[in-house]
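Input: structures, listed below.
Same chain, two partners: chain A is paired with chain B first, then with chain C.
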Partner chain A sequence: MAHITEATKKEVKDIVYQFFADECEVNVATLNDSTNIIRDIDGDSLMFLELIEVFKKKYNLDIELKTIGKYAVKHPVETIGQLIDMQMLIIENENKLLEFDK
Partner chain B sequence: MLNIIGIIGEGKMGTNLFYYLLDKPYSLTWICSRKADIEKIRRTFNKKCKRMLENGVASPLQYTHWMDETIISMELQDLEKSNLVIEAIPEDADLKKDLFRKLDEMVPKECILVSNSSSIIPSLLIPGPQRAEKVAGLHFFYPVALKNITEIIQSPLTSQETVETLTAFLQSTGRNFLVQDENSAFLLNRIFLGLQNEAFRIVMEGKVTFAGIDAMIRKNLLPTGIFDIFDAVGLEVMLSSIRNYVRNTPDESDYHPLMDFLGSRISEGKLGVKSGAGFYDYSSARKSEQLFPGPLQEKQITERLKAAFVVSKDYFLSLPGQDPEKIKIALIECLGDDCKLVSDLF
Partner chain C sequence: MQEKVVVTGMNIISSLGFDLQTNWKNLVEGKSGVRYITLFDASANTTRIAAEVPAEFEEYSRQFVKKRAASQMTRVTRMCYTCAKVAVEHSGINFDTLNRERCSVILGVVNTGNSSTEKDTTFQNTIFKGMTNSMSAWISLEYQLQGPNFVVNTACASSAYAIGLGYDLIHSGRADAVIVGGADSIINREEIEGFNSLYALSVNNDPPEKASRPFSKDRDGFVIGEGAGVLILESESSAKARNAEIYAEVAGYALTSEAYSIMAPMKDGQGMAITIERAIQNAGISKDEVDYINAHGTSTELNDRYETMAIKKVFGERAGKIPVSSSKSMIGHTIGAAGAIEGIITILSIRNSILTPTINLDHPDPDLDLDYVPNHFRNKEIRVALSNSFGFGGHNATLVFRKYPS
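Let's look at the complex of A and B:
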């Protein structure tokens, strides 16, 4: 289990914001944690899958997509802030994400 | 051996399939139909590939392969070298038939043509006798990366060699699969049809609201509500699928009230999540679930829903060649291993 530092939080947030600005072709300055991914920036609820691959590589995470899928069914993500929170939980708990959920 | 794969359709499923197969060991040709969108689709593809390279998710070699070998086009002619073409266009049998007829004229004679349809059997899509043994169904579930199960559907004319090639293809991508003939086709959807109809009937009896029964279903049976699923998939897609599933079956008339209801919502422009309303209204935050029945009624309703599921399950398990264990595994892949309905009744 990784220890989350303030620097990690900032790094994750920057990557997520830049990802959505790039993918949805919007100015990063217009995004905030309350931005609704589907309604506000015409995004897709599955966009987080690419981010998972990025964070898996970056933090050397041991987590299966299936585990994330199960978690996401129970905790649907609507806003950028919720997505960042989910990414932090994944980095922190990896394949124990569902145990954390209990 | 397959090496060049064509994907047709830029909807939710076509796009999802394209990106799922992108990092698999194949060259992809993606055919899109909307001129207005093609530049954005290409731009998004280029950005994604670049981002994956920059983030270390893809190697420089892989990036070069993507850039050199991927074709995103509006011309079916660009499929001329494909060994396998997967169509994922709207769920309309006439559209798909017409597409297969055109493809038959331009792809190599060895090329396998498959439909990702969730309700149209491959027999209906065979463009001519020469291609018949190379036509099958290949039904992926959305989202492809998260639902590791695919149905291979063979018509009576699909050759064993075609089924083996498709099996090897799915194995090469690490996917679980079920091989079905046309009698058991789309089993993983059809097995829930009776339960869906029963849920609708219970709401129509005034015993509970859509939100109430969905809340009960989430609590006792499935990870998501029945009407949540209708709205997520799209009411017009669900209606078309139900029509195809029940057409010419002895209990077709049992489904008329549900189909009429869906037809009426569709005519009001209520297609589900994508249109902002379906069974539920998505224009504002969902109101808290109301009309959750008392414990006794909850138990009675749950038993009725379970009984409807058991009837479908027993029917499918009675068909020749069905393996209950394989079906259970497939259902778990679709619904998760904590799905109460599957763990209680299989």
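Let's look at the complex of A and C:
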């Protein structure tokens, strides 16, 4: 269980925003937490997996993809803000993500 | 209802260029795209030459392929996708005005080029890069086409098969428009060593541009090429309804299997002859109408000998009066893309009344006595032309294109 600081929150948000700006070839200033990943910037579900890999490496997370998959089925991610929130939960709870959901 | 099938758009990406005009100009001028291999260090290989698509393609393709999609495609898939986008632009077709369930994509693909020469392959994109069906899928996604979307692999005849199958969908009334074609590259160490071990490739490395010598006495094997060719096939009624420019009619085709050998063509070109005969029958044309044949013409001993024998068997005494030329003398053998690229060259020949030459035909083989349009282009009115494709495994195809009245 990692403690999420304000600095971590900012870092995660910056990484996610920059990732979408780079991959979708859009100006980062045009993105906000309500931006719909597929509808607004032509993103795809694979991006979600790629970001998880980024954060797994960065924070040395112990989290299995199937755990995230089970969580995501109940909590679908459509916007950048939702994705950031989920990443925070993953960093904070790792493989106990589903326990948090109870 | 049997619909006439017409060609309303085309594009070629090859060692001679990225667009139709550049390719055509270079082909008519008899230029060779064969060079020393740059995609990997081939200095230790027996064959060190190939007809590579120039490196500038990567920059050119960025205007057509979004960065995100590009990262999930191989270089060859990007060629295919780019080629398709230019062909669609060329046709002026607007899929918003058509029923997308009646629009399809069929491509001939042997492999996607996800080989040792491919860059930036990761665990997360290797599956997409390796899926042969990704080529048609990306195009279907781009235009949101919901009719059948698939690839066919019949080795060197793959994209000729794709054109034939696309023709069937339209001819039978099941589709209004089909994007057909193919893309391929096997310019990598593994494939070159493999083909070298079969004695199929030319080892005339110096100078590279002289290596591909179809129908020549001193031919010693094919030269690997790479690229993409895409055509927009449409029903005549759809094309006319939108006042589209029609470049040619696909009059018919034949696909056959020799059931003879995994590599060698059937003796004396018997299988090739049957294919050409069936295509003529399918198109409902007279043999006397055939004014040009774009040969498979690989520059291998057996293909060129047997293809010549097949043409003579089918056309009899008239065979010597029908010009036959091999585009592979200039752009090498583009494998899965060959049928589409050479089909497009055939259409451009009809359209422009110009026959592209067989270059490097300086030492005629006394046994091969057809008119191979040696070394220089020729002006000629063409009513009907054939394009042959014959693949390892005995996959044969002959396409029949007819001039469309202007």
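Heads up, the rule we're going with is that the second predicted complex is superposed on the first by the 102 of 102 C-alpha atoms of A that agree within 3 Å, B and C clash if a C-alpha of one lies under 4 Å from a C-alpha of the other, contacts with A are read in each partner's own complex, and residues count from 1 in each chain.
As a convention for this text, contacts are C-beta pairs under 8 Å (C-beta built on N, C-alpha and C of every residue); 3 or more make two chains touch, one makes a residue touch a chain.
Since we're looking at a predicted model, the values are computed, not measured.
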item: First, second, both or neither for A:Lys13, with chain B first and chain C second; value: neither
item: In the superposition, chain B vs chain C on chain A residues touched; value: B
item: Which of chain B and chain C A:Glu23 touches, first, second, both or neither; value: both
item: First, second, both or neither for A:Lys57, with chain B first and chain C second; value: first
item: Partner chain in contact with A:Gly69 - chain B first, chain C second, else both or neither; value: first
item: Partner chain in contact with A:Leu46 - chain B first, chain C second, else both or neither; value: both
item: Chain A positions touched by chain B in one structure and by chain C in the second; value: 22-23, 46, 49-50, 53
item: Residue numbers on chain A that touch chain C, as the complex places them; value: 22-25, 42-44, 46, 49-50, 53
item: Interface residues, chain A side, partner chain B - complex; value: 19, 22-23, 46, 49-50, 53-54, 57-58, 65-66, 68-70, 72-74
item: In the complex, chain C residues that touch chain A; value: 66-68, 71-72, 124
item: Touching residues (chain side chain B, partner chain A) in the complex; value: 16, 44, 47-48, 51-52, 55-57, 143, 145-148, 223-224, 336, 338
